[in-house]
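Below you'll find the structures, each written out as structure tokens.
Common to both upcoming complexes is subunit A, partnered first by subunit B, then by subunit C.
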Partner chain A sequence: MYEAALPALMVLLAWPAPLYLVLGTLLGLLFGILPGLGGPQVLALLLPITYGMDTNLAIVLLVGAMSSIAFGGSIPAILINTPGTPQSAATCFDGFPLAQQGKAGMAIGAAATASCLGAIFGAVILTILLPVGRYVVLAFSYPEYFMLALMGLSVIAVVSKGSLWKGLIAACLGLILSTIGYDPVTGSVRYTFGSDYLWDGIRLVPAFIGLFAIGEAIDLFLGRGKIAQSPYTGRIGGIFKGIKAVFHHFGLFIRCSVIGTLVGIIPGVGGAVTNFLAYGHAAQASKNQEGFGKGDIRGVIAPEAANDSKDGGALVPTLLFGIPGSLEMAVFLGAMIVLGLEPGPRMMLDRPEVVLVLIYTLVAGNILVAIIGIFGAGVLVRLTYVPAALLAPVIFTLGLMGAYLTHELLADVIIALIFGVLAFAMKRFDFSRIAVVIALVLGGLAQKTFHQTLLLSGYKGFFIRPISLGLFIITIAMIAFPYVRSRLRSRGEKRP
Partner chain B sequence: MSNTDKKKKAVRTDAVLFDLIILIFFLLLSLLSFSYNPRARSIPLGLGILGSVMTLMQLMVDAFPGLRPKLRFVTATGLLATEDKAQRKDRRKPESGSTPAADPTPPESVRNGTSIGREWWRVLRVILWLAGFIVLLGFTNYLIAVGAFIVLVTRLEARQSWKKAILLGVCTNLGFFILFEVLLKVQL
Partner chain C sequence: MAIITGKKWLKFMCLSLAIIASIWILTMSEATAQSTFPSKTITYVIPTSPGGGFDTFSRMLIPYLRKYLPGNPNIIIKNAPGGEWKIGINKMYRAKPDGHTIGILNMPANALPQVLGEAKYDLRKATWLGNIDDVTYVTALSLKSKYKTLEELKNAPMVTSGTVGLASTAGLGTVLAAERMGIKMKYIPHSGSTEAILAGIRGDVDWVQYPFSTLKKSIVDSKDLIPVWVYSKKRIDQIPNVPTIAELGYPDLVNVVKMLRPVAAPPGLPDDIRRTWQDAFWKATNDPEFQKKQIAANASPLPMKQQELDDMVEAAIKLLEQYKEVILKHRK
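Then we have the complex of A and B:
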């Protein structure tokens, strides 16, 4: 495969490939920014355009679009506390507080750099792992998926600022909401109240729009201020501070990139899990944890690094087995088949230049979007200084229209409004919205794989497989570590 | 009772009401789960019972602050929240005074003089405006719904001038038209 490295690079550099790269990247960035739209939508839009195109150029266009989605979703997450895509949800936790402190430029700079370098990391791992990735993919079964979901849920204990009890109540709420709809394991339809719409359960996109955009916009509108609570200086000097921060916390960046790549390899887990796991790891493993949730730059670096490195990982099962790692990958897989490509182990032998063009485009697209993000930050940051009276109505309509766009169903818009009101109330009474989000995302996976494991091997099934047991031990360690450290610290303070 | 204490008491009452709504939600879903087969029922029922018990305890602590020393685990902070030595020392002191630390802080608008009742009336109005937008979206073109919503909310609720409201409405509509119809070619 590696002998095709130079020819593949020539393909990417030869005209009109750079033009397609720029077009794809810009379109992906736009789709990432808009709540309600994302990777599946932009790929579906581009798919008919690629009919009859040269295979390599089509790959450049599609992968260019895919590569800029993650960072695109982070921009509204930072500026208006609305993730453009579910995989950028964790970036809100510290990105938006930074914007409120007038440090939106720093947050964008850090997000752009972490995204770009994370993608490069993921691409390098993809290149190394492709020959051996099948062993990793085949090692995961139901118990491993359940333990991964459990690990993600354990992050709730970390991110519950203030009252842990209220965080756990919010988690229960999210988990019970995730039981709504048709359950394929038990064959039951739960809590649909006769509505066909609820058969698919609570859709994540409208729920996220409600929890983040609508709830926050209600608060902003009532507060009558601006997002940024510090005076506008006209200078966006923080961007380079943000870039430097990634190198300052390079160890964290590497660890979160590893998390993103490894979790991305597992089919069906998705980007939303990755960014929570990375955020949770950053919060638990850091010495000074008080700043998380209040504008700690590490809370931006961690999920952003994982978000983009995940793409490299997700391509491993997609290319090796034709098993998509996410919905985005499922649409991309369809595109590859339409282009006459057959994903599988033979692809590396029969069409190595296509695989390498794909990897190069992933890297190039991320570098390009990071540059656009950094130079465009000055314009974007001004949004945070627009008065709430003018900004909030636009956020309302953009959010609700984003919810409507996905399936053109009014029910999605109603769900977004309900979750928006819930989010506003939760914020007012100090309940963690993050806990609801994590539980909603992971609840379905957790309960499905729980039942599947019980059916296959009973309760012992969770503990007899080495990877499953290992993940369980890591989860316990993640929960116990901050508590143990706190106790050791207090013992140290008691000694004279 | 001082003005601040009255406001905090009103906020505590609202917190109790919110706890009650969540508790009723958990109880309702727990009861409904009995209509499903045992395997389908197991997880929702377990979560419903757990959620109900936890919410009931939270409600009791919010309604009767005197119970806080006995139910310390309900007001314990998250694993991430670290206390310094002084804070830990304060936490160990017996509760005194009428305002326990775990009370929710009144929102900024209330601290600035707006009454709680007026604050919630404003919230209700915003929700009604949003509901009105959804109804309009269901019966008309999205551009009409967006334009009408932006103009009316900006003028009547945010109390901006008609000129600003109309300008914002027109600009938003233009932006949405270019975005959805021209760039994305989405037929709405």
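Then we have the complex of A and C:
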């Protein structure tokens, strides 16, 4: 495969490939920014254009679009507390408070840098790991999936510090909501009230739009002023401070990129989970947790590094087994079949140059979008200085349109509105929305894999496998660590 | 009553505008239809997410449908996943019968809700336009499985299988085959075929049963799974050593474990439009270039005409009625 390295690079550099790369990246960025639209939609839109196109150029166009989705989704997450895609939801937690403090430039700078470097990290790991990737993919079975979900849920303890009880209530609400729908394992249908729509449970996109965009719009309406609390000075600073912050927290960046790549490699966990795991890691492993949720730059770097490095990881099962590691990859696999390629184990032997073009484009697209992000930040940040009376209706309309656009179901719009009111009430009474989101995302995965483990090997199944047991111990340690540390510290202070 | 003035008024106006704009956008798609066909963009409903066989082969077919329809109309795809196909099928079934909305189905599985009395549609009433392909299923065993042959499977105390619920054609086929052959089986459900296949590769389950096109990369290219038999009358060229289920003594299962990908329009489609569609569909699915692409993707083209389509629907409903008790037993 490696002997095709140079020819593949030439493919990417030869005209008109760079043009396709730019077009793809810009379109992906736009789809990422718009809530409700994301990777699957942009690929479906581009697919008819690629009929009869040269295979390599088609790949450059499609992968270019795919590469910029994640960063695109983070821009509205930071500026208006509305994740453009579910993968960027965790970026809201600290990105938006930064914007409120007038530091949106710093957040975007950090997000762009972390995304770009994260993607490069993922691609490098992909190239190195392909020979042994097989073992990583096969090492994770149902109990390990369950433990990963549990680890993600344990993050709630850290992020809802205000009141543990309110955090738990919010988490339980999220878990209950995640049980709605048809459960494939037990074959039962729960809380659907006879509607076909609810068979699939609460869909993440309308729920996120409600919890973030609609909730925020209502709040903006009732409050006064602008998103940014500081006066507009006409100069947008902090972008380079954001870039520097990534290097200042380089250890964290690397750890989160590893988390992203690993979760990407494991098929079935999904991109929506990656950013929460990374965010949780950042919050739990840091010494001073007080700033998290209130505008800590580390809370932006962590999910951004993870959600871009996961793309490289997701290619490992795709290339080794022909099994997609994420929803985007599933659509992309379909696209490759339509292009006449056969994705899977034979591809690396038969068409190594295509594989490499794919990896290069992923990296190039991410670098390009980061540059666009850094230079465009100045204009974008002004959005946070627009008066609420003007901004709120736009957010409201865009949010509802986004909820409708994904599947063109009116029920999605209703869900978004219900969650919007819920989010507003939660904000008023100081409940953690983050806890609801995390529980809603992970509840389904935890439930399914719990059942699967029980069916296959009973309760002992969780503890007889080394990786599963290891993850369990790490989770317990992560929950206990802050308490133990504060206990030790207070003991240390008492001692003269 | 308080008079709304100044900034409050502005807020009020902006909110009203936003609501009006949203309603306008939501209703925009209900544009007025004309009686001629085709007079506007055609919507092709796929009741699954993008990616996967139904989506992929539909996208492959669409340029050819355009080519053979009068006036080469635009055809756009609407993925409407959810509710085990019911959302997408209802979307097609309840659309205006003017030929501008069609949808792909998964047969025989989509007849199951109807047989169980859970469906809001009647497949016998839908207007069937054509069929894309005939999907041949293969049973494959994990490399780590203790069982290697049909005899061993029959005598096994419990065989585990990876399925995607029992309402999918693949899941149904596994239940029916195991029941017919007297294999004691435990079903471990997954949320997608890829997860189930991966469980087979890992060795968590013994048995996976999926279309040849889906399993080919695992049984031919990487040899992560061992194919044991195919559900077809003759052997598959790429795996010549694998016997058919008929050779193993169950020729009846060939007609039970299989899947078709037909396309239908809402009930009550006017006859002239139906003929235009069926004609275009027949030509498109017989186009040598399209069939070449299908075969390259390991599919077996099977164009169908009116009578065959009607027979297919009838056969699917009869088959599932026959096995209704077995299915209900596993569904709880």
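The rule is simple: the second predicted complex is superposed on the first by the 496 of 496 C-alpha atoms of A that agree within 3 Å, B and C clash if a C-alpha of one lies under 4 Å from a C-alpha of the other, contacts with A are read in each partner's own complex, and residues count from 1 in each chain.
By definition in this document, a contact is a pair of C-beta atoms (placed from the backbone, for glycine too) under 8 Å apart; a residue touches a chain by one contact, two chains touch by 3 or more.
On a predicted model such as this, the values are computed, not experimentally measured, just so you know.
Asker: Putting subunit B and subunit C on the same copy of subunit A, do they fit or clash?
Answerer: Verdict on subunit A: clash between subunit B and subunit C.
Asker: What is the contact status of A:338 with respect to subunit B (first) and subunit C (second): first, second, both, or neither?
Answerer: Once the two structures are laid over each other on A, A:338 reaches subunit C alone.
Asker: Report for A:47: first if it touches subunit B alone, second if subunit C alone, otherwise both or neither.
Answerer: A:47 contacts subunit C only, not subunit B.
Asker: Between subunit B and subunit C, whom does A:168 touch in the aligned arrangement: first, second, both, or neither?
Answerer: Only subunit B; A:168 stays clear of subunit C.
Asker: Touching A:283 in the superposition: subunit B (first), subunit C (second), both, neither?
Answerer: Once the two structures are laid over each other on A, A:283 reaches subunit B alone.
Asker: Answer with first, second, both or neither: which of subunit B and subunit C does A:413 touch in the superposed model?
Answerer: Once the two structures are laid over each other on A, A:413 reaches both partners.
Asker: What is the contact status of A:221 with respect to subunit B (first) and subunit C (second): first, second, both, or neither?
Answerer: Both: A:221 reaches subunit B and subunit C.
Asker: Output check: A:197 vs subunit B and subunit C. Expected answer is one of first, second, both, neither. What do you get?
Answerer: So A:197 only meets subunit C here.
Asker: With the two structures laid over each other on chain A, which partner does A:393 touch: subunit B (first), subunit C (second), both, or neither?
Answerer: Touch partners of A:393: subunit B and subunit C.
Asker: Determine, under the contact definition given at the top, whether A:323 touches first (subunit B), second (subunit C), both, or neither.
Answerer: In the superposition, A:323 contacts subunit C only.
Asker: For the combined three-chain arrangement, which segment of subunit B clashes with subunit C: 5-13, 59-67, 113-121 or 149-157?
Answerer: None of the options clash except 149-157.
Asker: By the touch definition above, which subunit A residues appear in both interfaces, subunit B in one complex and subunit C in the other?
Answerer: Shared contact residues on subunit A: 185-188, 221, 389-390, 392-394, 396-397, 400-401, 404, 408, 410, 413.
Asker: Per the contact definition, I'd like the list of subunit A residues that touch subunit C in the complex.
Answerer: 40, 43-44, 47-48, 51, 137-138, 141-142, 182, 184-188, 196-197, 199-200, 221, 267-268, 317, 320-324, 327, 330-334, 337-338, 340, 342-346, 389-390, 392-394, 396-397, 400-401, 404, 407-410, 413, 448, 452, 455-456
Asker: Taking the touch rule as given, give the residues of subunit A at its contact with subunit B in the complex, in rising order.
Answerer: Interface residues on subunit A, with respect to subunit B: 30, 34, 37, 45, 157-169, 172-173, 175-176, 179, 183, 185-188, 190-191, 214, 218, 221-224, 283-284, 289-290, 292-293, 389-390, 392-394, 396-397, 400-401, 404-405, 408, 410, 413-414, 417, 420-421, 424-425, 428-430, 447, 450-451, 479, 482-483, 486, 489-490, 493.
Asker: For the complex, give me every residue of subunit B touching subunit A.
Answerer: Counting only subunit B, the residues touching subunit A are 14-15, 18-19, 22, 25-26, 29, 32-33, 36-37, 39-40, 43-44, 47-48, 50-51, 54-55, 57-58, 73-82, 85, 88, 102, 104, 107-109, 119, 122-123, 126-127, 130-131, 133-134, 137-138, 142, 146, 149-150, 153-154, 157-160, 164, 168, 172, 176, 179-180, 183-186, 188.
Asker: For the complex, which residues does subunit C have touching subunit A?
Answerer: 7, 10-11, 14-15, 17-18, 21-22, 25-26, 29, 49-52, 55-56, 59-60, 62-63, 77-84, 86-87, 90, 120, 160, 164-166, 186, 188-192, 194-195, 197-199, 201-202, 204-205, 217-218, 221-222, 224, 293, 296-297, 330-332
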